[in-house]
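Just dropping this structure here.
Should a chain be cited, it is by its letter among A, B, C and D, assigned in written order, with residues numbered from 1 in that chain.
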Amino acid sequence: MKNVLGNSITVTLFGESHGEQIGAVIDGIAPGITVDLDFMRKQLDLRKPHGRISTQRVEADEPNIVSGVFEGKTTGTPICILFENNNTKSKDYSKTKDLMRPGHADYTALEKYHGFADYRGGGHFSGRITTPIVAAGAIFIDALKRKGIHIGTHMKQCGTIRDIPFANYREEIAKVNDLTFPVLDEKAAKEMYAYMEAAANEGDSVGGILETAVTGLPAGVGEPWFDSMESMLAHGIFSIPAVKGVEFGKGFAFAEMKGSEANDSFRMKEGKVVTRTNHNGGINGGITNGMPILFHTVIKPTPSIYKEQDTVNMGTGENVSFRIQGRHDPAIIHRARVVVDSVTAIVLADMLALRYGTDWLYGEA
Amino acid sequence: MKNVLGNSITVTLFGESHGEQIGAVIDGIAPGITVDLDFMRKQLDLRKPHGRISTQRVEADEPNIVSGVFEGKTTGTPICILFENNNTKSKDYSKTKDLMRPGHADYTALEKYHGFADYRGGGHFSGRITTPIVAAGAIFIDALKRKGIHIGTHMKQCGTIRDIPFANYREEIAKVNDLTFPVLDEKAAKEMYAYMEAAANEGDSVGGILETAVTGLPAGVGEPWFDSMESMLAHGIFSIPAVKGVEFGKGFAFAEMKGSEANDSFRMKEGKVVTRTNHNGGINGGITNGMPILFHTVIKPTPSIYKEQDTVNMGTGENVSFRIQGRHDPAIIHRARVVVDSVTAIVLADMLALRYGTDWLYGEA
Amino acid sequence: MKNVLGNSITVTLFGESHGEQIGAVIDGIAPGITVDLDFMRKQLDLRKPHGRISTQRVEADEPNIVSGVFEGKTTGTPICILFENNNTKSKDYSKTKDLMRPGHADYTALEKYHGFADYRGGGHFSGRITTPIVAAGAIFIDALKRKGIHIGTHMKQCGTIRDIPFANYREEIAKVNDLTFPVLDEKAAKEMYAYMEAAANEGDSVGGILETAVTGLPAGVGEPWFDSMESMLAHGIFSIPAVKGVEFGKGFAFAEMKGSEANDSFRMKEGKVVTRTNHNGGINGGITNGMPILFHTVIKPTPSIYKEQDTVNMGTGENVSFRIQGRHDPAIIHRARVVVDSVTAIVLADMLALRYGTDWLYGEA
Amino acid sequence: MKNVLGNSITVTLFGESHGEQIGAVIDGIAPGITVDLDFMRKQLDLRKPHGRISTQRVEADEPNIVSGVFEGKTTGTPICILFENNNTKSKDYSKTKDLMRPGHADYTALEKYHGFADYRGGGHFSGRITTPIVAAGAIFIDALKRKGIHIGTHMKQCGTIRDIPFANYREEIAKVNDLTFPVLDEKAAKEMYAYMEAAANEGDSVGGILETAVTGLPAGVGEPWFDSMESMLAHGIFSIPAVKGVEFGKGFAFAEMKGSEANDSFRMKEGKVVTRTNHNGGINGGITNGMPILFHTVIKPTPSIYKEQDTVNMGTGENVSFRIQGRHDPAIIHRARVVVDSVTAIVLADMLALRYGTDWLYGEA
């Protein structure tokens, strides 16, 4: 299905970094859902570049919803959300057209599209294309919230600096969702920001790890084969640019654990089945167990750096050294946070719609 | 699509641990592909329990192909492969029906299927169901090999014991594919085996990390949104029981790297574009770059342990302590290896078929 | 998706006319649904050849359910139903391997599968492969019945002989479902049977038109684009061998009608919205309106006839004349009836599951 | 998948009759295909209302391609085509909001979308939404033409007036594609036009039958189960508003034929396998046989008529009589022609891409 995410609810993405407009089509969403444009703008703002640690290309990012919303509510028919590209400097890119930027998709796009892709600013591969994902995600994040499902992500690690891990999920989700720079520990936040600034000063870039939690999901959602909750979330998350790893619960730390440490004991608590620990990140056998979902996403350092790099000039077939021009982000992990939340919301809404029907998301409770 | 993996080529799975038969249906495979039953049996043997570090339930695992293969070659129509379940001791399980085994899918299956699922031996969630995946995978692994694409997996880590990482992919793939206990370094192999035995003696279990490499893939396979190569592989791999994390290339180690370290420089080599390093695991922007694909999969410790555990009795709603009975694996990582290879082969064959057409896999070259 | 029908609920088909076993895998069905084997056998019996107007190949058609059903009810995991092929005379076919039977799929299969398809008895294209469809359909027909949804089909036309059209759907559905030769009017039934016998005597074959009705469907099921109720039903029905046309309500007769005749007026009746006529066959804008669904399916004359025919010998590349050998049906329309009902039930169950959720079919009311 | 047509190549539709913009997203198309805007405008013009036999609402229908086309060629990434709605008179509709127009989707949309759908001008159900289908179709019709595949449709029947059936497909396709009123026989064309005008004068509407032919398709495209060529084409065609029947080759006339008349004999002709007749419409066993595809589509009379009609007022729950206001088409069959061609092209391009790979459509030969 290529540029389509989802089964019962789908999001189709289109657009290029320097094209006229970019956007998304949401299909299969229940009718009657309030579309809160202020919340959408707030989410879009979290994705926007801010300050020295981001690109200097700033777009208005005003969503233009041209279908599927009538009198402030979803109609149940496809929603198309458009964004204009205005602040583009396409001349920056034509010069480096034949130079395959290391870590970027220039070479793979060339192979896949036989030289016909729009190369300007990364074209369809640009992080810019996450803008409509955030707009679509805002509708689902908001609708899930009304059903008691809350999603939040913070920067667990950046370089060697670590934030406090999620512990009281529900409160911490609320807290990080109000932060532009999503770090729970103030000291860690300052250090991470300084680490990013230092990289910017060096013409270099940094990566990090996001921690995402979801509370309020019912038990029983997901499939044993092949659409496990981990499969479906990972499928979506791995399509976000720069994501190179996803782990659930203890994740890679399970390698050094024993079964007696790894298993989460079940207990009755106020008439409800819970687990004492949550090492499995709310998922057993690919299906939600009612505990919070917890997963980590690693974001590699932004490939656009200003240092001299080696590459191939595809026009001449020669090995060359060059420096990337243009405007780029020394770090995107803080901006990627809201993209991860958005993809998570879309995937969960889709899986809930499959299980409970198209109309499940409809209504305030 | 639930129990179906793939788009152009699909594998549909069915069966329960203690049901009459289990199996898979392969659809969309090209006609004319030789089905090597000896190779299939060899692959199935790699999945089979062996010795003290595995369950004592051993099945014949003789594949019965009832359709889609005619005179030794695929017909192009669906292949159904069946396996009989013989060595089942169902009475072992009825006693613990109401006891939700920690780390298992008992509770989530109960919630999802409202108590109608076959609870014996984990039912449809059992690792036993990976048998037909391995049989299906054998056909694709073999067919891809004839097209110059090689897949191999070793145990990178078990507990704190580490194997040598893949370096000369092509030779090491050949080597590990001949090993029942897939570890490159002999000393590490002995230590891992001893670590598993020790866990078995304690009634405990262990996990670990698999490293998988694929060589010979053409550049240009995968999609930017939302079917990136990472998305598609992770979707499949995360549906394997006990998998809780997947990372590509440097994966989570990217968190501490700078862009200047993370980027893989492009170079011309013998008229071909290559990268000097392979930190990105052969994938840029979700699309193969022609370098080997490299990814890691973490397998959590087997949840079936013989130590006393706390849980809930769903019949009475009471908190209880209990010990699991039956036959179980103190470690499955060495057996999971061939399942990871099989899922990888299925996903790659599907993506290659989408890109190059249904008949691409057909023919010896 | 090739051999898979459905989205939330899927049926995957496998097998060849002269292979070892044929079967189907049902995925996505709700747990807790009673599987009535006697009803399944009754439905299979309606598909079986009977008497002089059918092939002399008669199989036991005893369904072997090897997964997904536990203690008489669906588990919610995939159901695999197997049938053995016993009464095969494969030597009949090898002689005519290179002779492309007119009206059959011999030539198209050769082109598609490059000569690797199992040619015996039509292979995967054989009407025999409808057996597992009927078994799968029986589970859904029965489950839908418990939800108040009834499906029935009669032979509206055969040659120039016409049955009484459906008028009092609910009672007529009950009536035809008890008839092996599904014709409402006894006189028409006798004439149609005689017409088929006459064709058999001439070594020729006949076709006809089936009329299918569905009562009890809620209003609001279907999609405007592109999964209209007509689209989804037609997709399934057109995959049944020999089907060459599908029309809803007045169908092709609309060509000579005016809008003032074609429109179905809405009326309130006992607090419910109904239409005065049902020219649109229960569907407006691709979505059910709560009136009975009504559609017609044309079945072309069976292509296997005993008269001399012209064709090409693909071995020699020469034009030849030949007579088909083997055992064949002079008419299949009366047997196709239950296949149409089965596909209808599968498609409707899938669409209802998408709209109302996976569990909708579960429970007696 | 709801508003998405296709598997490897997809078209996603959005928009409402009186919304701001309508459009389509094409995904999975090969890179390097020339997008001929003049041809697209010519196709759009065939869909536009002209003269007394059509609605008086005329839109500019200027396509705005905002992504996926770069320097006049497809990039291989999603193409979004937008159209503005300007000539809307929304006040016409608010008055009749509660009156369910017979034959329209008002009532079914109300049931499906719980009253949240945009009711103005039929909303998402409007024939207006076929505009982006025609724009998308133009790209595929043109690209298929360059590969030697030609599609054409004429009005076979309108009322009781009949056009000459297709006989010399290739020339007739070229001829009808140049006609705004697609009738081969000039006398029949005049009579049909007069029949439509008479209906317009009476405030009534008419339907008819379209005949579509496709030449140049290779043999071997399509699937036996469940994605037969007939299934895939019918799926698409039945989603076009007002379509109530589709038949291939002799279609419903097969009911009165014998096998000896229905079978198409194979013959060698200039080194190629052909059939002497084409009763099966170029498809055997669901797979193309290399002969022209031939199918008929019945279009019901437009439901919007100016005569007094009975219906229900959903606001009051009362039976009422009313007259439809607003601007409507007394006939749409001549405009539907290009929509049928467009859907046919999209479905065929998708099936060819699945069989021959994503890049198949790329290049001039």
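Note that in this section a contact is a pair of C-beta atoms (placed from the backbone, for glycine too) under 8 Å apart; a residue touches a chain by one contact, two chains touch by 3 or more.
Since the structure is predicted, the reported quantities are computational estimates derived from the model, not experimental observations.
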Between A-C and A-D, name the chain pair that shares the greater number of C-beta pairs in contact.
A-D
Going by C-alpha centroids, which chain is farthest from chain A? Tell me that one.
C
Report, in whole Å, the distance between the mean C-alpha point of chain A and the mean C-alpha point of chain D.
38
How big is the gap, in whole Å, between where the Cα atoms of chain C centre and where those of chain D centre?
27
For chain A and chain C, let me know how many angstrom lie between their CA-based centres, rounded off.
45
Where in chain D do residues touch two or more of the other chains?
1-4, 7-8, 13, 77, 112, 124, 224, 359
Interface residues, chain C side, partner chain D - complex:
1-5, 7, 13, 100, 102-105, 107-109, 111-112, 124-125, 129, 157-160, 199, 204-209, 218-228, 230-232, 234-236, 238-239, 241, 243-252, 254-268, 273, 275-276, 280-281, 283-290, 296, 298-305, 307, 309-312, 314, 317-319
Of chain C, residues touching chain A in the complex:
7-8, 77, 224, 354-360
Which chain C residues qualify as touching chain B in the complex?
1-4, 7, 10, 12-16, 19-23, 25, 27-28, 31-32, 64, 66-68, 70, 73-80, 82, 112-118, 123-124, 359, 362
